[in-house]
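Structure first, commentary second.
Order as written gives the chain letters A, B, C, D, E and F; numbering starts at 1 within each chain.
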Amino acid sequence: MTNKKKINEQIKSATLFLLVLSIVLMAFTAPASATTVDENAESIDNLATALTYVWLLLAGALVFLMHAGFSLVEIGLTRTKNTANILMKNFMTICLGVLVYWALGWGIMYGADAAGLIGIDQFFLKGADNAMWNSWFFQMVFAATGATIVSGAMAERTNFKAYLVYCAVMVGLIYPVYGHWVWSGADLSLLAGGDSFIVKAIGQGFHDFAGSGVVHSIGGYSALAGVIILGARIGKFKDGKPIAIPGHNLTFAFLGTLLLALGWIGFNSGSTLDGTDPFMNLVIVNTFIAAAASSVTVMLITWSKTGKPDPSLTANGFLAGLVAITASCGSVENWAAFVIGIIAGIVVYVGVMFNENVLKVDDPVGAISVHGYAGSWGLLSVGVFAVGAGNGILADAAYTAGGAGLIYGEVSQFLIQVVGMLLSIVWAFGISFIVFKIIDVVIGLRVSEEDEIMGLDMAEHGTRAYPEFIINK
Amino acid sequence: MTNKKKINEQIKSATLFLLVLSIVLMAFTAPASATTVDENAESIDNLATALTYVWLLLAGALVFLMHAGFSLVEIGLTRTKNTANILMKNFMTICLGVLVYWALGWGIMYGADAAGLIGIDQFFLKGADNAMWNSWFFQMVFAATGATIVSGAMAERTNFKAYLVYCAVMVGLIYPVYGHWVWSGADLSLLAGGDSFIVKAIGQGFHDFAGSGVVHSIGGYSALAGVIILGARIGKFKDGKPIAIPGHNLTFAFLGTLLLALGWIGFNSGSTLDGTDPFMNLVIVNTFIAAAASSVTVMLITWSKTGKPDPSLTANGFLAGLVAITASCGSVENWAAFVIGIIAGIVVYVGVMFNENVLKVDDPVGAISVHGYAGSWGLLSVGVFAVGAGNGILADAAYTAGGAGLIYGEVSQFLIQVVGMLLSIVWAFGISFIVFKIIDVVIGLRVSEEDEIMGLDMAEHGTRAYPEFIINK
Amino acid sequence: MTNKKKINEQIKSATLFLLVLSIVLMAFTAPASATTVDENAESIDNLATALTYVWLLLAGALVFLMHAGFSLVEIGLTRTKNTANILMKNFMTICLGVLVYWALGWGIMYGADAAGLIGIDQFFLKGADNAMWNSWFFQMVFAATGATIVSGAMAERTNFKAYLVYCAVMVGLIYPVYGHWVWSGADLSLLAGGDSFIVKAIGQGFHDFAGSGVVHSIGGYSALAGVIILGARIGKFKDGKPIAIPGHNLTFAFLGTLLLALGWIGFNSGSTLDGTDPFMNLVIVNTFIAAAASSVTVMLITWSKTGKPDPSLTANGFLAGLVAITASCGSVENWAAFVIGIIAGIVVYVGVMFNENVLKVDDPVGAISVHGYAGSWGLLSVGVFAVGAGNGILADAAYTAGGAGLIYGEVSQFLIQVVGMLLSIVWAFGISFIVFKIIDVVIGLRVSEEDEIMGLDMAEHGTRAYPEFIINK
Amino acid sequence: MRKIEAIIRPTKLHEVIEALEAAGCESLTVTEVKGRGRQKGIVQQWRGREYCVDLLPKTKIEIILSEERTEEVIDVIVKTAATDNIGDGKIFVYPVEGVVRIRTGERDGDAL
Amino acid sequence: MRKIEAIIRPTKLHEVIEALEAAGCESLTVTEVKGRGRQKGIVQQWRGREYCVDLLPKTKIEIILSEERTEEVIDVIVKTAATDNIGDGKIFVYPVEGVVRIRTGERDGDAL
Amino acid sequence: MRKIEAIIRPTKLHEVIEALEAAGCESLTVTEVKGRGRQKGIVQQWRGREYCVDLLPKTKIEIILSEERTEEVIDVIVKTAATDNIGDGKIFVYPVEGVVRIRTGERDGDAL
């Protein structure tokens, strides 16, 4: 072996030694830390998921309480003799809501898409994991809402059994189908999927953040179909002129309204569906600004019309503001929320008067106006005031209306909102009209005149809600 | 120095330089990042803890609201003349609950174990840190529940002072002792500790997830002891036949039921005791499926029995479903929750009728049936339907029933559930019977006939709940 | 080229190769992990922020529900004929609260400081980001509370329009100015800023954790000014002697109290303003211990005075305990909370009697005593019982009273609490007196005698709250 | 003078009042009462148990009027309040010895 | 015909009704009233302050019946409604001039 | 014996009772009624729509007393219950044939 060779060998072996050492050292430090870093990243992901779970469970809890709110508003604005019946209807709405949305509704809404129209698996939560259970609970508390809205408009004269059947159809079919079109996330989903022919034609997806359309319009226009078929309560119209039939407990009506407002915190900010989405804050600020503006607007209108600010309409005004901003709360600036609220207030007042004076339909709690008309306005408001994805205050938002609104000079978002709004009316009114007609023929939608005069509490449940109090009929 | 040596030196020094450089570079990157990785890991831990704090505080807040729910249900199902008294009883249950569970109850339940039977330190939260304060609040809102259940069954005839004394004993002793056996986590704890002779004998620990036994059975069977000693309200039985004594406000009864249902979200999903436990979602889905199934079942039973669906029993049905699933919600599949709910509905209906027709005890709100009988069923249901730790959907669950249920062919979990259930009855009924007897002798458990007829509001508090309303006695 | 040179080259190139290799390897492992570590740290920060967002939204939701609580307590303790009016007043308090605190109040409270006295920008939430929207919501639900307190004391005789004007002034000016002095965080802020002359003089900043002063004292002493100008309800005093005017619904009064207690969980523990602050747990434990102690104290006092425990005062007692501990809940040990509660109970009872018997002012719901007097006691209690920053159980607390209390031998914290307390009285009483006087001259603060006798429901709103129930006037 | 006391169905109150008004009989006093006569009580249920409430809600209308108008007013009430079902109620007639209008102190005929 | 008007304790109502039924007197009208007589008011409390409610809740039973049955029915009521404590109430008897059954228009004797 | 039946404004009840007490007339029965006479109904509103409630809440006081005291008591009531506005109410006087004190069974004069 030459010297040179030997030296070369030495150099090689030293190099090799260092190479190995290097790698060993790396392995000892960097790769070790690499593992931990990844573990940390995974822990962070898990924690973010956990935060979303906690968030949606608690937001869902608040939304659940809305059922108490709906019950109380409906009871407060109707007469004592129908109170137990209303309590039962709303309570059964929850029970059937849970069971039917478990068995059917969720699958139709979020199951694998068929032609953009309907979901077709995951019935009975088949194959559910933690994430799906989490979503299901939050979606389920929403689902029963639509039926509750209908219950309110049809109060004091609807057959209990007929209502139960309708309620199941609402939660199992009417609500989830429209929901599928908007919220399923399927590529083909009719109103929001990127591959939907409508969306392609207009060039923008329909945006209904927390459900001015999916929940409220669907409920409101279904209610309209219901009250048209059902007819007005005995004594509501005299020679074609609407007569006031005062409700029995304003305290319940206001407590209910406040519980609904509370629930809306979960309803709207929970609809980020992500516990780490910082835009839930904008959502809530917009929500309350719109509601307050709407309520004050209605108060001022009634004050100017009759000289006295009307309590129950003012409470309706708050709800109308909430309903309207529900679609747009994650897409607009604060001042726009204020304007949306004011217009919602006008819409709900005019709507109530229009229903009674022009349509001559009898909606004891104002549900059609609050949820239907204000819901439609909410859908449109997105197309008018949306800042647009990636713009201004919403630059970093993960989920907002894609296009900017009319006031920013864009048209496509408005167009798709009009389409979505019209579809919500056509679908809800149409299918509910058919369903109610069938129920009317098969079961009978309305109680007998005698039962209505006696009150549904005695007629349907053989009981009275306040047996010790002397009631002045 | 030879050339060779010099070259060797050069190689050595180059190697050394590289070695040092390597290490320096390592020190510059890896160790620096190692520190940060650990810091991150710690931050993540802290954040997970913070999430649990937030979670349990908010879940605890929901459970706190259950006290409003209990008050309203109890008031709604009783007569106006005892309303102020019931409000005071339930309100004082909270106040005494806080103070007694602070001074005594927590220590007995979670203090250092003595012989698996009782805790013996941490009175007045001695030595508490943030984690213990957090746990205490969540446990405290549970603790007062047991007494509230008893209050409901004994309504309209119990001496106020006697009730206060009982309430303190319940929160300070009766509840925490059984709680210690099941939830203390002590190795020797009678029903669930690995070193307990019972658990060793049967080979499986007792599982009561959120307290079908600890909270509800204990309350329910204590109530049974109470009403037996107390006797029925004047006019409840005529010639041995039960007479209906209608409650005064169904709206309150239903609002209360909904507040209880809301609270149960905190009650059951909070009982994961960990904000990062993803199985809280399964828990909640099971909870609502069981409750809805139970409620619908009761409605159908009453409908078929009297031809009219009964409101207050239907509401009781929802609660019975909640009570039953409370033990098993973290251990069973959705379909099993549905079955558990249906059976709970049957149990509560049969229980109410059995109490009135056979036992001839008077329980105005159905507490014994809802909390006692449905609670027992809940404990057993774990032994019947549990998937078992590490199986199926619960493969990753941190906390669930250890053994699988009867339907999966295993017996040991069922056996320990039977033992735990029997012990809850024996302990609650036995100790409460003794305590009530002592109170009866020392203070007098029941008000005078005159006071009962006049109503406890006037007799005990010199006031009326609704002084302006004309009441029809 | 010599052999030596060649070998040197070889060594150099080997060294270079290894060097490069080293760096490349580093680049491949360590630097990569360095990036991820930073990313993780950022994700952790974001997650902590997200947790705070979720926490404050939910805590804010609970505080929002306090408005329902205030309404129900106020309604429960007054007569049926003014119920709709009270509902409207409290409802409009929320609506105006949202709008005025958006337009004005927030800016005055948290805008850029001017001379330590007032904030001067951020009106209409100009320039808001997610964090500011988050804070605004939580602060907004607090802001309207002050006006609600005043509403309670002035119930059953105040002109609706006059109240609305006052409400706007309260939320837009009176509340935020004092709030700025205490909570703005400005260096010069009058009572708490490090550069304030008062703080410098005394050597300790004023500590009012969640607002015994900012919210409750301000509300309470404003109410005192209001009722003095307004005068007592017709029939409240006869020959100078106070006459009992029973409220109409104790169930509402208690339900309201429980909703307030629930809201206080958000109020106090949310006031950590940080979802990761572990001391929220101590805060809540102290809160409930004080409230329970206060309530039991009042019950025992009334029991000993009239032989019968009084329901509505006992409920007031709970609230007084909550109000008092609001300032000190993050600064004291559990036993001190117990003592603070007992004293709060005494304060509220004596205060109610003092107001009626000595001052001869008419406060139907006890608001002045509950919020004003107990609020003052709460501010002082910090100076008496505070553990002091960095001491004992509060060693790691991020935010607590700086100095220890009198019982630990320190004086400065007590002194600044006295100053802050006196300032809250002077400011609230003084400015409200002036504002009410102006309103009285311009609009007229009180309704006509005729309207008062008829009831504000008919007089102001042309409606009745319970039209079907026969009321016994 | 006479007093007519009619116990009628609560649901008939407004019809009767309108008919009386049409007949020129504007002044009256109304009380919520409960009663029983030929009509059996109604079965109610509470917590799945049936019970019979044997006092049914009724409305009492009292009208003090001159002797001459008595028959006419009785006819109006009978006509509007009757449904031909058991439970329609009864009318009782009592003698009245005097009337005073509180506002003015006027007596008897003038006071009616 | 006579009208018997008995003011009794509310708690005695059901006993009295049952006794009347047993005595063959099924038709009656009941009104919730408040009253005072020999019985002093009850002391109540509100927010720690006592006050006296001097009108106590009472129940008024009205029975229109033939002259002959009057004494018998008075006896039944006195027997079942008395507790021998102040506040038991009073019975007043009035003349009745006529009765009409609304359902049929029958008058007087037939209508009772 | 006579029965005085006064229909007054609910807000005047306590004043009248005190005046009657001062005049030595302690026993009486009070009923919440609704009525209409000269006074027009009040306009109320519900959901922005006005409607007229034509039955106003009134309070009925019944006093059974000896013939001699009748005029005096009527005067007391007229004086305290009058506000000189429409809606003050009316007093009706009826013959009474007998009184029984339930507690003791005493009759007529003794029972009053």
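Methods note: a contact is a pair of C-beta atoms (placed from the backbone, for glycine too) under 8 Å apart; a residue touches a chain by one contact, two chains touch by 3 or more.
Computed from a predicted structure; not experimentally measured.
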* **Neighbouring chains shared between subunit B and subunit F, ordered by label** => A, C, D, E
* Asked: Does the subunit E and subunit F pair touch with the same residues on each side or with different residues, judged by whether over half of the numbers are shared?
  -> different
* Geometric centre distance via CA averages, subunit E-subunit B, whole Å -> 51
* Asked: How big is the gap, in whole Å, between where the Cα atoms of subunit A centre and where those of subunit B centre?
  -> 31
* Approximate Å spacing (C-alpha centroids) for the pair subunit B, subunit D -> 56
* Using the touch rule from the top of the page, what residues of subunit C touch 2 or more other chains? -> 7, 11, 14, 18, 22, 26, 29-30, 33, 37, 40, 44, 47, 51, 54, 58, 246-247, 249, 306, 308, 310, 461-464, 469-473
* Going by the touch rule set out above, which residues of subunit E reach two or more other chains? -> 31-32, 34, 44-46, 50, 94-95
* Between which chains does touch occur? -> A-B, A-C, A-D, A-F, B-C, B-D, B-E, C-E, C-F, D-E, D-F, E-F
* Which residues of subunit E touch subunit D in the complex? -> 3, 17, 26-31, 64, 94-103, 105, 111
* Report the residues of subunit C in contact with subunit A in the complex, numbered from low to high. => 3, 7, 10-11, 14, 17-18, 21-22, 25-26, 29-30, 32-33, 36-37, 39-40, 43-44, 46-47, 49-51, 53-54, 57-58, 60-61, 64-65, 67-68, 71-72, 75, 83-84, 87-88, 90-92, 94-99, 102, 124-125, 128-131, 133-134, 136-137, 140, 160, 249, 252, 460-470
* What residues of subunit F sit close enough to touch subunit A in their complex? -> 34, 44-51
* To do: Spell out the part of subunit C that touches subunit E in their complex, as residue ranges.
  => 77, 242-247, 301-302, 305-306, 308, 310, 312-313, 316, 349, 352-353, 356, 366, 472
* Touch list for subunit F against partner subunit D, complex -> 2, 6-8, 31-38, 54-55, 58, 60, 74, 77-78, 81-86, 88-95
